[in-house]
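Every chain is named by a letter (A, B and C) in the order it is written, and numbering of its residues begins at 1.
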Amino acid sequence: MTILVIAEHDNKELKSGTLHTVTAAQKIGGDIHVLVAGNNCGAVAEAAAKLAGVSVVKVAEGAALEHGLAENIAPLVVKLAAGYSHVLAPATTYGKNLLPRVAALLDVMQISEISAVEAADTFVRPIYAGNVLATVKSNDPIKVITVRTTAFDAVGPGGSADIEKVDGGADAGLSRFDGAELTVSDRPELASARIVVSGGRALGSAEQFQAVIEPLADKLGAAVGASRAAVDAGYAPNDYQVGQTGKVVAPQLYVAVGISGAIQHLAGMKDSKVIVAINKDEEAPIFQVADYGLVGDLFSVVPELIQALGD
Amino acid sequence: MQQREFMEYDVVIVGGGPSGLATAIRLKQLAEQAGRELSVCLLEKGSEIGAHILSGAVFEPRALNELIPDWKEKGAPLNTPASADCFLHLTETGSIQLPTPPQMKNHGNYIISLGNLCRWLGEQAEALGVEIYPGFAAAEVLYNEDGSVKGVATGDMGIGKDGKKTDAWQPGMELWAKQTIFAEGCRGSLTKVLFERFDLRQNADPQTYGIGIKELWEVKPENHQRGSITHTAGWPLDTATYGGSFLYHLENNQVVVGFVVGLDYQNPYLSPFEEFQRFKTHPAIRQVFEGGRRISYGARAISEGGIQSLPKLTFPGGVLVGDTAGFLNVPKIKGSHTAMKSGMLAAEAVFELLSSDKGNEAVSYKDKFEKSWLHDELRSVRNIRPSFRWGLWPAMIYSAIDTYLFRGRAPWTLRHKHADHECLQEASLSCKIDYPKPDGVLTFDRLSSVFISNTNHSEDQPAHLRLKDASVPVEINLKKFAGPEARFCPAGVYEFVGEPDAPRLQINAQNCVHCKTCDIKDPTQNIIWVTPEGGGGPNYPNM
Amino acid sequence: MKVIVAVKRVVDFNVKVRPKTDGSDVELANAKMSMNPFDEIAVEEAVRLKEAGKVTEIVAVSMGVKACEETLRTALAMGADRAVHVETDAVLEPLAVAKLLKAVAEKEQPQLLILGKQAIDDDANQVGQMTAALLGWAQGTFASKVGLSSENVQVMREVDGGLETVTLNLPAVVTTDLRLNEPRFVKLPNIMAAKKKPLDKLTTADLGVDVTPRLTLVNVAEPAKRQAGVKVANVAELVAKLKSEAKVL
């Protein structure tokens, strides 16, 4: 069994999603090759070669591959795929854009966004927005898979893979890259932030919400969220709302401040990696899902926390 | 104001429950028999037919047999014949089996999901050519120049929280009809307007109500006895409060459990929701749910006034059918067959009227009702519910005498003297009730319950629970009655929040399951339930 | 210019889905079904392009059981001109849907195919890309802005960390993201009018597509419930744990 992992990168750096995907490949078991398709992306190939467990890095370079257009990369992957049992990519917008195109050309059914590996042909994947986990078995000769990056740890260094050049192929002539505009903001976006600080009705007013929650978010470089109760009470704008009827977030760290933790709110943040709850009421349901709970008055705890983080 | 679009039908029906659908089907059958065209349009505020339907339910097929005699062949979802009836009186730790009152014997009946029966009736109606439009709430009654009802208008869509039009705003639509059938279910919001406008309650007792709260469970096969029916009276309610539970075993290891509390209860500290939750912990009950999982939740008010509370049923341009008029049979705890029958009778009267030129009021509906089994049925049980104001045991004894000795023909009629909202005592005269905390396994809190009712309302719309006077909740409801709306609402819509010295009422309108209890029980009648944007509210599956 | 929009009938987003007791599949009996929200955005975008005079005909396509007709009627009420229903009771995987869509596109010869980026039931996020691949067309996935001219379509895409713009030769496939537009309320008069719009039926055999599934559903389960963690005594302990134990700071 040999697995091909499609690397995600910007021609300079390897994106972290690739590291998590290699771990998923290790779980499947077998020889792991990485494909780096881009332009002037030698540094990326070298970085990929150092990942633990990777034996071969294939590099395809060419102007047509520079911006990761699926129309140009898919034929390349299809050409290489014949030699592999599995083709994996991170379930990022890059991998999600590319891999179904590959699967269709190979006439196989892709398995999207796996969160666990049961066997070389059997995988677990969330459906219905993560409310249900489905275990599916593939009957296709080549398994084409995208990997939910938060479900697998990042692989460490320690490898020294061979780097092989492969032919990048021609431009399909279907599409053109015009430009990218990466978000530069002091405050990350709620839906994709690494850290989220959310405030609830215990904040008491819009002024206090700002005065307490925003400095903590600034300190952590976090996005700001709110419970529906806080939004309904007018303490925070509508688009801050996390929960059943608001946004669903799954950051590395979720700090719930003065949020009781009604199920409607939990539905929007229960997949966070680490949950911290700060609440006066020690019986608040939020503590049933929090990894770290601190019972106390948020108006003294939060400033203390900001100070402690400043050290 | 922009002119609203309109459409003309022979008949417009407001509400897709058993009564509205039975009316629609009967009308189309009559038109077919007479070989004439009859256009019938039915509006339903739920996102689909059945989405807002919640009932026990043990269903008596009498009306359905008359409406669609071959319902079995047509696949009506009546799958679980009633088997054993059991009537228990509970004390805190014990239970004794009482003889099952005749009205509560269910041989020949079926345990069903009324929502699914309505889904099926909806298909039958559509097959007959009824135009059904779910997701549109009739928000307004329209009148002709002569004062008769001209039809209804659906609500505008896309009005913001602040009451102003958003970019997505769409005006409602007018539906004009020769006859408009109001089949809104218990405490219809348009029916309320009609009561006033046409003085329909002039010769009727006040309507009285109950709130029914229901859960659907999937239980372990060894705890399941398909077809079994249990009712209880007594604990956890005190003897002054009318109410009791139901526990029915459906197919597929499903069990419905529910609790009804008469809304004439006096103690403002009483919480029907929490009474229901603690009922499930009774030793005679709890083992049914061991190892099971709760899969749905909902609540709905029911009319309990009986025949003496029935309003005038007709007015120029329209009629009332089903529970919005109040056709429920309380001792039987059944309102579906009566709702359907009332709709069928109304359909016959309306069809007669439309086939003649005898004015614009279907007056023969009253006559047809009085000659029907529906009238006999409701009349014979009329004294039972009112007798419960004497307390549980005197009422049980009286009911036995009324039923067995007089056979429902006692030469007197017990009246309903007060509306339910007038019955609430001041908090200072009442005992607080200490309800146990939910365990999250057998008993639950309101919000996790609402969660599985699949309830939603789009957030950017004005609250559909309106206060006549915004100061009343704190100044009167909270100060005098300890804020009963936070307890009688089974969906956590009403919350008193803020600092103890500056409390205010928070209305979480998105949680509303459209049970109408607040509109009924608010002691100051300050809360007005109006229809939200169409499609909002619960999405009950199998309820 | 002719546009096809593909719409899927899925369980309504308000409905909480749970596995059946035996874990064989999810329980959907009598659950409310609706148009996939991302597909609603696709229909809205097509209608806006038509209102802007860039599109002349919108054909809504759906695949699956008879009740998909309702979903197509909704698309017609939103502004699609006619509908095509590939009726089948078979379980359709994204690959099969893509093959069917390809066959319909070959019959209809549209310049643009718009559909949701994913369906909220299986969350696969595949059909648009697969259909583009099978047709040999360009793809603009996760669109948050669409600029259509007679030769090409410019698509602003929502990618991790920002936005990216691509220009695609026509014909092309565009998949919609949440921020592309806000679908209109469907007006009752339009629903009434939609009943009279044409809805054609096809079968998988008519299109010559083998829809046999490639995946076997082994089982479905609820995700493990989150366990309560520890209570910390003070801020110092909290910060220490976040740094050394959870390693999130």
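Convention: a residue touches a chain if its C-beta (ideal position, glycine included) is under 8 Å from a C-beta of that chain, and two chains touch if they have at least 3 such contacts.
Per UniProt, the chains are A = Electron transfer flavoprotein subunit alpha; B = Electron transfer flavoprotein-ubiquinone oxidoreductase; C = Electron transfer flavoprotein subunit beta.
As the structure is a computational prediction, the values presented were derived from the model and not from experiment.
Taking the mean of each chain's C-alpha atoms as its centre, the chain lying closest to the overall protein C-alpha centroid is C. The interface with the greater number of C-beta contacts, when A-B is set against B-C, is B-C. Chain centres were defined as the mean of their Cα atoms; on that basis the chain farthest from subunit A turns out to be B. Remark: subunit A and subunit C have CA centroids separated by 21 Å (rounded to whole angstrom). Separation between the centroids of subunit A and subunit B, computed from CA atoms only, is 47 Å. The mean-CA centres of subunit B and subunit C are about 37 angstrom from one another, to the nearest whole unit. Listed for subunit C are residues 16, 18, each touching two or more other chains.
In subunit B, the residues that reach two or more other chains under the touch definition are 451, 456. Those residues of subunit A in touch with two or more other chains do not exist in this structure. Interface of subunit C with subunit B (complex): residues 12, 14-16, 18, 21, 27, 29-32, 34, 182, 184-185, 187-189, 191-192.
The touching residues of subunit B, counted against subunit C in their complex, run 5, 7, 47-48, 50-51, 113, 115-116, 119, 131, 133, 136, 154, 157-158, 167-168, 170, 172-173, 218, 253, 295, 451-452, 454-456, 539, 541-542. Looking at the complex, you find that subunit B touches subunit A at residues 447-448, 451, 456, 459-460, 497, 506, 508, 510.
Of all residues in subunit C, those touching subunit A in their complex are 11, 16-19, 26, 93-95, 98, 120-134, 136-142, 154, 157-169, 172, 213-223, 226, 228-232, 234-236, 238-239, 241-242, 246, 248-249. Subunit A contributes residues 69-71, 74, 92-94, 96-105, 107-113, 118, 122, 125-140, 173-183, 192, 195, 220, 252-253, 270, 273-276, 282, 287-295, 301, 304-305, 308-309 to its touches with subunit C in the complex.
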